[in-house]
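The structure follows.
Labels run A, B and C following the written order; every chain starts at residue 1.
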Amino acid sequence: MKIGKVAMDPATATASKSKLINEKGLFWRLTDRTSESRGKVLIYSSAILMIVAVTAITLFLTIQGLRSFVVDHLNFWTFITGTQWYPDRAQNPSFGAFPFIFGSMAVTFLAALIATPIAIGTAIFMAELAKKWGTKVMQPIIEILVGIPSVVYGLIGLSLIVPFMRVHFGGSGFNLLAGAIVVGIMILPTVASIAADSIRAVPDSLRQASYAIGATKWQTIWRVVIPAAGSSLVTAIVLGMSRAFGEALAVQMVIGNVVTLPKSIFDPSATLTTIITLSMGHTTTGSILNDALWSLGFILLLISYVFIVIIRFLSRRRNA
Amino acid sequence: MNSKVTNRIALSLIILCAAVMAGILATLLGYILVKGVSSISWHFLTTSSSPFLAGGGIKDQLWNSFYVLIITMLLTVPIGVSGGIYLAEYAKPGRLTSFIRTCVEVLASLPSIVVGMFGMLVFVNYFGFKFSVFSGALALTVFNLPVIVRVTEDGFNSLSRHQKEGGLALGLTHWHTIKTILLPAAFPSILTGIILSAGRVFGESAALLFTAGLSTPDLDFGNWNPAAPNSPLNLFRSAETLSVHIWAVNTGGIMPDVQTIANGSAAVLVICVLLFNLFARALGKVINQKLSGR
Amino acid sequence: MIQMEKNIVSFSNNTVTKDLPVQINAEDVNIYYGDNHAVKHVNLPIHEKSITALIGPSGCGKSTFIRTINRMNDLIPAARCEGTISYKDVNILNPKVDVVQLRKEIGMVFQQPNPFPKSISENIQLPLRFAGVRNKKTLKEVTEDCLQQVGLWDEVKDRLDRSATSLSGGQQQRLCIARALALKPDVILLDEPTSALDPVSSAKIEELLLQLKNDYTIVIVTHNMQQAARIADYTAFFYQGELIEFGKTRTLFTNPEKKSTSDYISGRFG
């Protein structure tokens, strides 16, 4: 509350040294245990720490990521469009990161393609068709699955999907599709649970209005519920995609880790995260390869920011 | 086409989707638990891992996972809860608040490997903590902080305004109202959120790869002096956790029983996460019943 | 309407004959919520050791006004306040005022009973602990004393460590009053304290207030005119943010000066 125009006689105010007027100094405020200020110091420093963390991550990764262009004089354009990644070649080493960028994109979109129908279908099932069963049984199980560590998904991929690929599509079985399936399954519970929430948020009055004009259940879902939940559903999918994009170890375990551009989804390939995971430990700080890996990390950070901006945009449009 | 027929087909497809989902989930849990539990034995849990011989266990990795988790929670909970209180109670609508909110959102959506790289750059190299429990815990703190902040903020926002007014009207300072009335009232939901986030931290691997390291010194479980290099309590020794171990044996393991070790470790990991989950749910229920005064 | 007439006749005999000194004096108070001028140029004296009732239709600014007396409106960022409310030679609205100390001297009870989800005795001892009372014996004595004053002691003395939320609504509200008494305030503000309660509990609270006014200055917001008529010494009628009329309760109800006052008390609107 702001107080203006205090029509108080200054003489009386100072004359009455009432306890009501707070004229305690900074020292007293920080040492008294019932004081407000001590709590505030704690609370505000935590809030500031959050800003520091984000700024530090962005700054450090940007500075480190730009080294390969500034210090090692790699060309940014050839770096992101080049398809030749031969950092170890003694003569004329080449740093073309396009296969990894492509790999990351391919895994992300394929994973979304696999996960979206199943997740949205499940969400509709939970929130529209079998509400009781959905909230009592499916929802808790899905929430537990959200918490299953990604390496476990990787392990499952390694022991079930890779052998399956080997038998049915030849080759080693490690390929782009296997990576996409693993991440697709990994993001399923996340997407399904957010999607179910947004479908539940659609007011019942809309459904009743639709049934009242003789629509079937499916028509109600397709024409009324899904459009009403629209941008929340898209947000759920984009959130899933951003998780898929950032996933490292699970993908790395099944994708084959080949630095060339894949010709089909049954070829082994690599992503930004997998190449970083694999090579980071074997490089020395300050080498060109090390700097190049940091640049890949920087690209990863940039694309993550793009996802964040998209999600913000979507949720802002929903609120508006 | 007849709308009734379309209705039938569409609804069947939806049920099919749900069935596929259920099938996938059942396969997943079934595979891990069936294959994995058969590999778990007392010997497996209490033996150190062996780099190339069969019959290694996961004693050190299991310990490391819990140790890193505890240190992470010690760092995250006070900061995260304070941050959540700031957003729920002190933040005035404005640029700074929306910037802090954006920061929380960004932290929550960064890929964990990016957090790991940052940890390597800053904690491992710049501050010179090396690959260690402490570096790992700091990286996981960055990763877990936004979760705790959100949980706390939601917990505070769901409290009724009347409690707060009651405290303030009695001449309590805002901070004391928060400390003695609001925080205890929001505690159950915050605690549930903390335990759930513990499950996430427990299974995290990518952020630890570059911060806690891929190896563990020969731990001497008789030596509890935190300064000793082989003490389990040493904060500044490298520490391979269970989830990193699963990845490591699968990508570079040369022991003959890789599959058994991986399955067993995965089962232990999943069981721990399940326990965290069930514990959080049960606890939430119990405290809720107690608070409602019955 | 006949009901109303009957009630108006049944004034309590506690009504003061002689004016007691003014303890809180509001002069030209204006309160805004953003652009909304919620309370307009209000001048209102509050006499000590008597009950002042604020009545009026909902949204008339009476709650906003009472919440300003112990600065509870500080919680609302958009609220802004001008004018003077003097209490002990200090303008309460002065930003330098230590609101914590102010609220210890001017307590408040709300519409919704809001006991803390702690034990019954802790509910009363909590504010005392903050005021620096550490002695266990004193704490116990004050707890008993406060519960006695609100007539709750006999009902709860065997279960002081049970959760306060297990009490009935009326008991909870009396506990909240007891809690406000623990700090020995000068003034107690009550914001529609009985509107969430059943008639029996409400009657108990009214009876309690009549006793308490021997030691405390009481300001009560109510939308129940009979209640004001039954217990208040002074009544202020608020309408659309303005103080329309203020005076001795009997005078205001039997012989209102303004037409809108008589319209309201005879039930023609609101």
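Keep in mind that, in the parts below, contacts are C-beta pairs under 8 Å (C-beta built on N, C-alpha and C of every residue); 3 or more make two chains touch, one makes a residue touch a chain.
Quick caveat, the model's predicted, so the values are computed rather than measured.
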Query raised in the report: What chain pair shows the greatest number of contacts?
Result: A-B
Requested in this report: Could you find the chain whose CA centre sits the greatest distance from that of subunit B?
Outcome: C
**Report entry** Between subunit C and subunit A, distance of the C-alpha-averaged centres to the nearest whole Å
**Finding:** 52
Requested in this report: With chain centres taken as the means of their Cα atoms, state the distance from subunit B to subunit C in Å.
Outcome: 49
Report task. Take the average of all CA coordinates in subunit A, do the same for subunit B, and state the distance between these two points in whole angstrom. Result -> 16
Query - subunit C residues counted as touching two or more neighbouring chains - result: 77, 100-102, 105, 130
Query raised in the report: subunit A: which residues touch two or more other chains?
Result: 34, 36
Query raised in the report: Residue numbers in subunit B touching 2 or more other chains?
Result: 173, 176
Query raised in the report: Can you name the residues of subunit B that touch subunit A in the complex?
Result: 3-4, 6-7, 10-11, 13-18, 20-22, 24-25, 27-28, 31-32, 35, 78-80, 82-83, 85-87, 89-91, 99-100, 102-107, 109-115, 117-118, 120-122, 125, 142, 145-146, 149, 173-176, 178-179, 196, 199-200, 202-206, 209-210, 214, 243-244, 246-247, 250-251, 259, 262-263, 266, 269-270, 273-274, 276-277, 281
Query raised in the report: Mind pulling up the subunit B residues that touch subunit C in the complex?
Result: 92-93, 160, 162-173, 176, 180-181, 184-185, 291-294
Report summary line: The answer for subunit C against subunit B in the complex is residues 70, 72, 75, 77, 100-105, 107-110, 112, 114-118, 126-127, 130-131, 162-166, 176, 179-180, 183
Report summary line: The subunit A residues in contact with subunit B across the complex are 34-36, 38-40, 42-47, 49-51, 53-54, 56-57, 60-61, 64, 117-122, 124-126, 129-130, 138, 140-145, 147-156, 158-160, 185, 188-189, 192, 216-219, 221-222, 239, 242, 245-249, 252-253, 273, 276-277, 280-281, 285, 294, 297, 300-301, 304-305, 307-308, 311-312
